[in-house]
Amino acid sequence: MSRFETRNFLPKNFQPKNPDYRAIAIHTFEQQRAMKTLGISIARLEPGGVDLAMDYSAEFTQQHGFIHAGIITAGLDNACGIAAFTLMPALTGILTVEFKTNLLAPARGQRFAFRATVVKPGRTLTVCEARAYATHDGVETLIATMSGTLMALAAREEAAKDGAPAPV
Amino acid sequence: MSRFETRNFLPKNFQPKNPDYRAIAIHTFEQQRAMKTLGISIARLEPGGVDLAMDYSAEFTQQHGFIHAGIITAGLDNACGIAAFTLMPALTGILTVEFKTNLLAPARGQRFAFRATVVKPGRTLTVCEARAYATHDGVETLIATMSGTLMALAAREEAAKDGAPAPV
Amino acid sequence: MSRFETRNFLPKNFQPKNPDYRAIAIHTFEQQRAMKTLGISIARLEPGGVDLAMDYSAEFTQQHGFIHAGIITAGLDNACGIAAFTLMPALTGILTVEFKTNLLAPARGQRFAFRATVVKPGRTLTVCEARAYATHDGVETLIATMSGTLMALAAREEAAKDGAPAPV
Amino acid sequence: MSRFETRNFLPKNFQPKNPDYRAIAIHTFEQQRAMKTLGISIARLEPGGVDLAMDYSAEFTQQHGFIHAGIITAGLDNACGIAAFTLMPALTGILTVEFKTNLLAPARGQRFAFRATVVKPGRTLTVCEARAYATHDGVETLIATMSGTLMALAAREEAAKDGAPAPV
């Protein structure tokens, strides 16, 4: 067993600031029509950690019939966003500042998982990491990683956002 | 006028190695069902540079009714991939190694553009940059940037890829 | 000439919020002992754009005698930081949130330049891009790119920062 | 304990292809004068995992007296490079393709650790992750993360590299 893994990724017990974090995270997720269109659902939800699931759909493939990297990224980004959101105070909005995706293997399979965990929660910025897995004929393979930064928007900023030229 | 812009991003005249680069790039793009599903099309194609276009669709929105960051990323990634592909030799496949996206403003608008340019072509790896723009009521706004690495796959690797456990 | 370059990277006229931006940016730069140790100096400073310069030093090389990628990154990061800082209000501190570096060619040469420009200034977050060039026997080569996010710290946060467990 | 951490970062037993991996990795590290200048040493070395250590030095600080983000990045990059290198075949060179660093907390402390692990080894490209920690008055804090891509260079490419215009 690799001692490096163990030391690098110590378990954490995140304490949500918002007791309704679960209901609000699910509500926000369900308002995202892109998630419904892509067939992505919440498989698991904890403070600071989220699993999303997606079935294969030929509608979202690239030239080899695998799922397009952008779709995998959409799943990873959303997993990061919801994971960060579970630790934010009530009446806070959230937006993605940036993310990087490394693509490790073709997104080939019948089913896909996007698993995100908060690395560093913050008042304004939260850093998350996520991994995408493909399950092909019963074998799960790591296909992509993401590291990303999410930003909390206070309530009044959230309210004003629709009229604002830029979120940051 | 900023002298920094001028010096940093000098114009380049890329010479395609494959005289059929245009037909092959278009063919590869058209094989990507995700592009059709997302409503993304090629607006312009030159050696080392590509513009893609996408109309707004409520199907691909996040919780505020703007286009989801993952969908914007799919457009940026594809623009980078096609831009890199135009400079690769015949019988070469292409895959994305990694990309980073910075989200600068909400993806609000009726129409979106994804503009990629090759920064450094290479035998194996090509680095590209891309920018996403939203046109809202006639005003175009820069909404996201990408820097990414694309990898050329030689013909026999390309042929074997479906059976390989990983592309790299 | 590439029309892509032209459209993607339009010239901008940034207006500094702080009339003393130049003196304050230079002062902040000079407080960084790492810059002095690495032999990095300001070659040019405008609102939203900075050029840094560094001579070759064998002290900072990797196994092939070229400058180490981490040192190139230090120059790029600092160029981004100063570029962002020129557009921030008075009594603001600055810190780096994240950056990505793509390494394009060996850092071989007698002299190096780090050129940064602001892509999107913001109240809290500013996104910059930078490029590193090596001059070897009179020929300048693009060797690395960076895209990064910088964060403004308001005065009281700045004052309290030393005692805070984390900047974000 | 977070179940997310456990599932995302499964322990791995990497098998080195080169039985002399340890001696060669140490030799390559020792050829990097930048590491000696920065005071960075190898604290631990396993197939696919490396820990580096660095003492505080005022020579490499930013304006608040903390270690400069570029220096932290140099340590993280080197940890990734050596970790990837331990899994490469004999007569292979290595270079960094790209990395992203997220800065989580000020680099304040008397001692710093850079811990890298291979996420996905590959024939050409290897993806690594690393974390930087600062130890301040006996308390260790996670201060930065990196995800990066490293490239193996076959022997003849390695030999020819000094004369090549670009490594990729």
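Note that the chains are named A, B, C and D in the order they appear, and that numbering of residues resets to 1 at the start of each chain.
Here is the rule we use: a contact is a pair of C-beta atoms (placed from the backbone, for glycine too) under 8 Å apart; a residue touches a chain by one contact, two chains touch by 3 or more.
Treat the numbers as computed from the prediction; the structure is a model and nothing was measured.
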{"item": "Comparison of B-D and A-D (more C-beta pairs in contact)", "value": "A-D"}
{"item": "Most distant chain from subunit A, judged by the mean position of its C-alpha atoms", "value": "C"}
{"item": "Subunit A and subunit B: spacing of chain centres that average the CA atoms, whole Å", "value": "23"}
{"item": "Subunit B-subunit D separation of Cα centroids, rounded to whole Å", "value": "30"}
{"item": "Computed distance of Cα centres, subunit D from subunit A, in Å", "value": "26"}
{"item": "Residue numbers of subunit D (touch at least two other chains)", "value": "97-98, 100, 102, 104-105, 120, 149, 166, 168"}
{"item": "Residues on subunit B engaged by subunit C in the complex (per definition of touch)", "value": "1-14, 46, 48-51, 100, 102, 104-105, 115-117, 119-120, 127, 129-131, 142, 145, 147, 149"}
{"item": "Touch list for subunit A against partner subunit C, complex", "value": "97-98, 100, 120, 122-125, 149, 151, 166, 168"}
{"item": "Residues of subunit D defined as touching subunit C within the complex", "value": "28, 31-35, 37, 58-64, 67-71, 73-78, 95-106, 141, 161-162, 165-168"}
